[in-house]
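Letters A, B, C and D mark the chains in the order given here, with residues in each chain numbered from 1 onward.
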Amino acid sequence: AAASVGAAAGGAARASSDPAFAEIQPWMQELGDPVDAAPYGMPSEFEAHVQRKTVYWLTADPISSINFTPLHELDGIITPNGLCFERHHSGAAHVDPALHRLMINGLVDRELVFTMEDLMRFPRENHVYFLECAANSGMEWRGSQLNGCQFTHGMIHNVMYTGIPLRLLLAEAGIQTAGKWLLAEGADAAGMTRSIPMEKALDDCLVAFKMNGEALRVEQGYPLRLVVPGWEGNMWVKWLRRLEVGDEPWHHREETSKYTDLLADGKARRFTWEMDAKSVITNPSPQAPLTHGAGPTVLSGLAWSGRGTIPRVDVTLDGGKNWHQARMSGPSLSKSMHRFYFEFDWNGQPLLLQSRAHDSTGYVQPTKNALRELRGTNSIYHNNGIQTWHVKKTGEAENVEVS
Amino acid sequence: QDAAEAPEGGFGLGREATTEEVAMWDIDIRPDGKGLPVGSGSVELGEEIWSYNCAHCHGDFAEGIDRWPVLAGGEGTLSDDRPVKTIGSYWPYLSTVYDYVYRAMPFGYSQSLSPDDVYAITAYLLYSNYIVEDDFVLSNENFSEIAMPNEENFFMDDRAETELPQFTAEPCMTDCKEQVEITAHATVLDVTPEDGGEGGGGGID
Amino acid sequence: AAASVGAAAGGAARASSDPAFAEIQPWMQELGDPVDAAPYGMPSEFEAHVQRKTVYWLTADPISSINFTPLHELDGIITPNGLCFERHHSGAAHVDPALHRLMINGLVDRELVFTMEDLMRFPRENHVYFLECAANSGMEWRGSQLNGCQFTHGMIHNVMYTGIPLRLLLAEAGIQTAGKWLLAEGADAAGMTRSIPMEKALDDCLVAFKMNGEALRVEQGYPLRLVVPGWEGNMWVKWLRRLEVGDEPWHHREETSKYTDLLADGKARRFTWEMDAKSVITNPSPQAPLTHGAGPTVLSGLAWSGRGTIPRVDVTLDGGKNWHQARMSGPSLSKSMHRFYFEFDWNGQPLLLQSRAHDSTGYVQPTKNALRELRGTNSIYHNNGIQTWHVKKTGEAENVEVS
Amino acid sequence: QDAAEAPEGGFGLGREATTEEVAMWDIDIRPDGKGLPVGSGSVELGEEIWSYNCAHCHGDFAEGIDRWPVLAGGEGTLSDDRPVKTIGSYWPYLSTVYDYVYRAMPFGYSQSLSPDDVYAITAYLLYSNYIVEDDFVLSNENFSEIAMPNEENFFMDDRAETELPQFTAEPCMTDCKEQVEITAHATVLDVTPEDGGEGGGGGID
């Protein structure tokens, strides 16, 4: 259906040195995709590089391993489901929801079994929470190692969950007086288990079935996951199949061999559940250098705390000599990620960038060295120290530590 | 927003679990022996089962092959630069071995071992870690008598007392340091995934 | 690596009439997916039915058409990007961001051209807003027509946007005193245009580049879309390429032939921008019947207003004889969707379900008949009348109207 | 949260657009004629261009084929049960025709028509709607003289005055009606997509 009568329009005016003006772009002349092209949509082909990435040398096998959220490619506070980092210990289990059950047993008045349909009849709540692996930044204990916030800080995501308050399910079974602990167990081939004190279970835990509006993803525990707000990600048992009420903790593998924090003197902290306040500058960062030269520059980052909200983040451009309060942006929700920005006029000289989170309890994110002084460098877990990026004149950024 | 609430007397949703169903799913074991099935197994039988089912990943002597977990050795290394955390050197309770091996091992065929198999493997892992002799037989009867060497070195999270006071001080905002030097570079360790490096620093276990 | 020595465990105890207990499920024995299986993840194979759907008879061609968000399959307030309904007039344009420009021209001190990289240097904000097509529920003006809230109410989504306040971009060009209107123009083959009064442009509009954390989807205007909070979706120009400041509105096709509201007397309202407060019960609904019989039942729905928040939603089970206040759940944000629940003990008898939204200005969602009395049935757009579902004894639900 | 702010004097980002670039992209036309290029076209030429480029969708007389838009006719139907909204019966301004045809038509080859083509097509669409005679020639000179029949029937959104007062009353909560009858069923119209029905009610245009 070309215009066969009449000359092509505006030929004379097409004078510009910018290739964007060289011609009418094809997408402005030709028809695009119909509405039945993608019943479930995917990102643009121009965003194919925005991916979860794994680091093969971290684990023996990609089946019991981890991949990382590309924090430097994201903005705001919601992590899209397709980019939420994965950590599983025997692979991501594909559970048939029709054959999935949740059992409550142990020190309860009635041992119960629920189908998914039963669970859909309990009242639900909706909350945005971050989930951070206790090992996030764990590779950095001995010194800066990985060049990119995806790798140094990408074992985290922030999602709106829909779920049943755990206390309602436990009340349905009737907790006996001696019941002070809860064992949560997954239906994957790791049969993942963690002990949770009853106080937390009755406080803000959820048995969630939706994330960011839709069903949980397979790799996030479809069809059912425990949500343990502010506490380390390993406790958020995926493919949740069983809750046992007991009088003592279980001291299972993931709370003894793993997820205990070995200190310098050979002693180890157990049950280090809460995630301390933490922040990271996502842009600029090693995977997201400054490419525009001197002038107006947007610095952006994320901050979170397992103890509440983040009313304030400080940013330094000179490695900690002087600090500036960042601008917080987006909803400020308890135990959720917060987005911060610091806009500045870059003079084109090298920068030593750091961010420092303050949480609503008054806790201020410490330096890595302050943590090392208290804990040594063998703890693997719970490294919430301040991260430094060295931005060079070229705009490239490197993971460094400073005096 | 309002909190979700339950009616007086509960919802009456779900159904009572049968005794058999609970028995089938209630596989967890605790340090006090709660959950242990009746059974027993010797170091000798354990070694045999181990060599068929476990050794190709964890090594004949539980020493670990390639990057697969090391399960024996490492005594006295916990305050070293590179501690070796194994069942013998680190794990506080024997029940964890029994529980974990049944629920998660062998990797790829979980919950396939019989109680006697698991007692035997557990006995063998105690033996590999020099905690019992080669003629030892582990059973539900003597299980709780075994104390693990590193149990005393675990303590409850004390950050609230040891760290929080120090980390709640109002921080310096201006002229906080005279000099700033770079003390470490990621490029020196050179292990960023893009580079295909094989890794230098610690893994995440 | 099977256990070749020793017998299979627990054989004796496997007695249950529930097929979920017939055997150890394969996902609890065999390894699942490795962490490099899906660098960008997709929903479970068991959720394949959760799709955007189109209605072929609505338009001449699926290229200038619409598909609908499956509201009955979602929960909470965030719409996942892959399920956000689509409406485009010449197909979804695949725009190369390297060749995309934003021009500001007209009554400004400096006519400007921005690359995407230039735009990334402006300060950003993050907000959750609903986007509703003015034609949402438009097929219902003459009477209940479509059996499913996906079709009656699914031209809406709710997303967290990251974008540049439009006022900052306009200030950069310098608005002249005579500049009272803004024309926004898209780079698709429809060259979509809408006139926006300057007051709104300077208030809360954003030029957005991210939705729910990641880059805009192609079908939502990648790489740049205008966000016009609370106002009809057609104004949220996608693939935004140009902003012209003028002294008068343009009266273009989408604000004359379309998106004007024809009243019964043949007169037509123009510039009906604001979306009135509205709500719908998403569950139960025709596509999501009650399958569990009498007893505890979760009724759920969504409410929103172009004028503010939704402090309250009322629900009736008997077609409007008696109303009950629903429980609001999740963050309450201005010009965002709100989730409500009403838990009740279903007696197994037929129900006539309705919901009624109250917004923060005191506006109460009207009945369809109240709207028809004022506007007739030819308006196509802005049907925010109360929706009725008739739930039968079987639990099936039908789209009906009541006296 | 804090609002994003601009520094005094702005950011200095972006670059000035060249006159040529603005001319290339500034394609919009307004009712007062602002934006119209120099040019002209006759009904006669318009009919010829129309038959090659437009008629296979919109019909020889702009009457619409299948479900493609009807562009002519419908006068006096706006308060009917099924109003026919066309350029002649509904559109308030002629400039919208020129603007839209150049930016969006023919469907699949936007911005391919010359100014003279568009003047001619616009003249032909006026003729199809009985607004001009068959010897009419439209140009940038006489464009603003054409008044569209339905212009007066558009008025500014008045919901704030005509609807909001009525819709802000505190509603009844208890015993609000004696009887409730179902007055309409979706299943009677029977057009739910799953059923493959061809549709009975109005579309969304």
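Basically, a contact is a pair of C-beta atoms (placed from the backbone, for glycine too) under 8 Å apart; a residue touches a chain by one contact, two chains touch by 3 or more.
All figures in this text were calculated on a predicted structure; none of them were measured in a lab.
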| item | value |
| --- | --- |
| C-D compared against A-D, more contacting pairs | C-D |
| Of all other chains, the one whose Cα centre sits farthest from chain C | B |
| Centre distance in Å when chain A and chain B are each reduced to the mean of their C-alpha atoms | 24 |
| Approximate Å spacing (C-alpha centroids) for the pair chain A, chain D | 46 |
| Per-residue multi-chain contacts in chain A, two or more chains | 18, 21, 28-31, 53-54, 61, 63, 66, 90, 113, 121-126, 189, 191, 241, 295-296, 327, 329-331, 341, 343 |
| Chain D, residues touching no fewer than two other chains | 1, 4, 11, 13, 21, 25, 107-108, 110-111 |
| Partner chain A, residues of chain C touching it in the complex | 18-21, 25, 27-47, 50-54, 61-63, 65-67, 73-84, 86-88, 90-97, 99-101, 113, 117-118, 120-128, 160-162, 187-189, 191, 209-210, 212-215, 217-219, 222-223, 239, 241, 291-292, 295-298, 300, 327, 329-331, 333, 339, 341, 343 |
| Touch list for chain A against partner chain D, complex | 1-10, 13-16, 18, 21, 24, 28-31, 295-296, 327-332, 341, 343, 345 |
| Chain B contact footprint on chain A (complex, rising order) | 53-61, 63-64, 66, 89-90, 103-106, 110-115, 118-119, 121-126, 133, 135, 138-148, 151, 164-165, 168, 171-172, 174, 183, 185, 189-191, 193, 241-242, 244, 246, 248, 250-253, 256-258, 260, 262, 264-274, 276, 286, 314, 318-323, 352, 356, 361-366, 370, 374, 378, 380, 390, 398-403 |
| Interface residues, chain D side, partner chain A - complex | 1-2, 4, 7, 11-13, 18, 20-21, 23-25, 45, 48-49, 52-53, 56, 102, 106-117, 120 |
| Chain A-facing residues of chain B, complex | 1, 3-6, 10-11, 13-17, 21-22, 25-32, 34, 66-69, 78-79, 83, 85, 87, 90-93, 95-96, 99-100, 103-104, 107-108, 110-111, 153-159, 162-164, 166-177, 179-187, 189, 191-194, 197-205 |
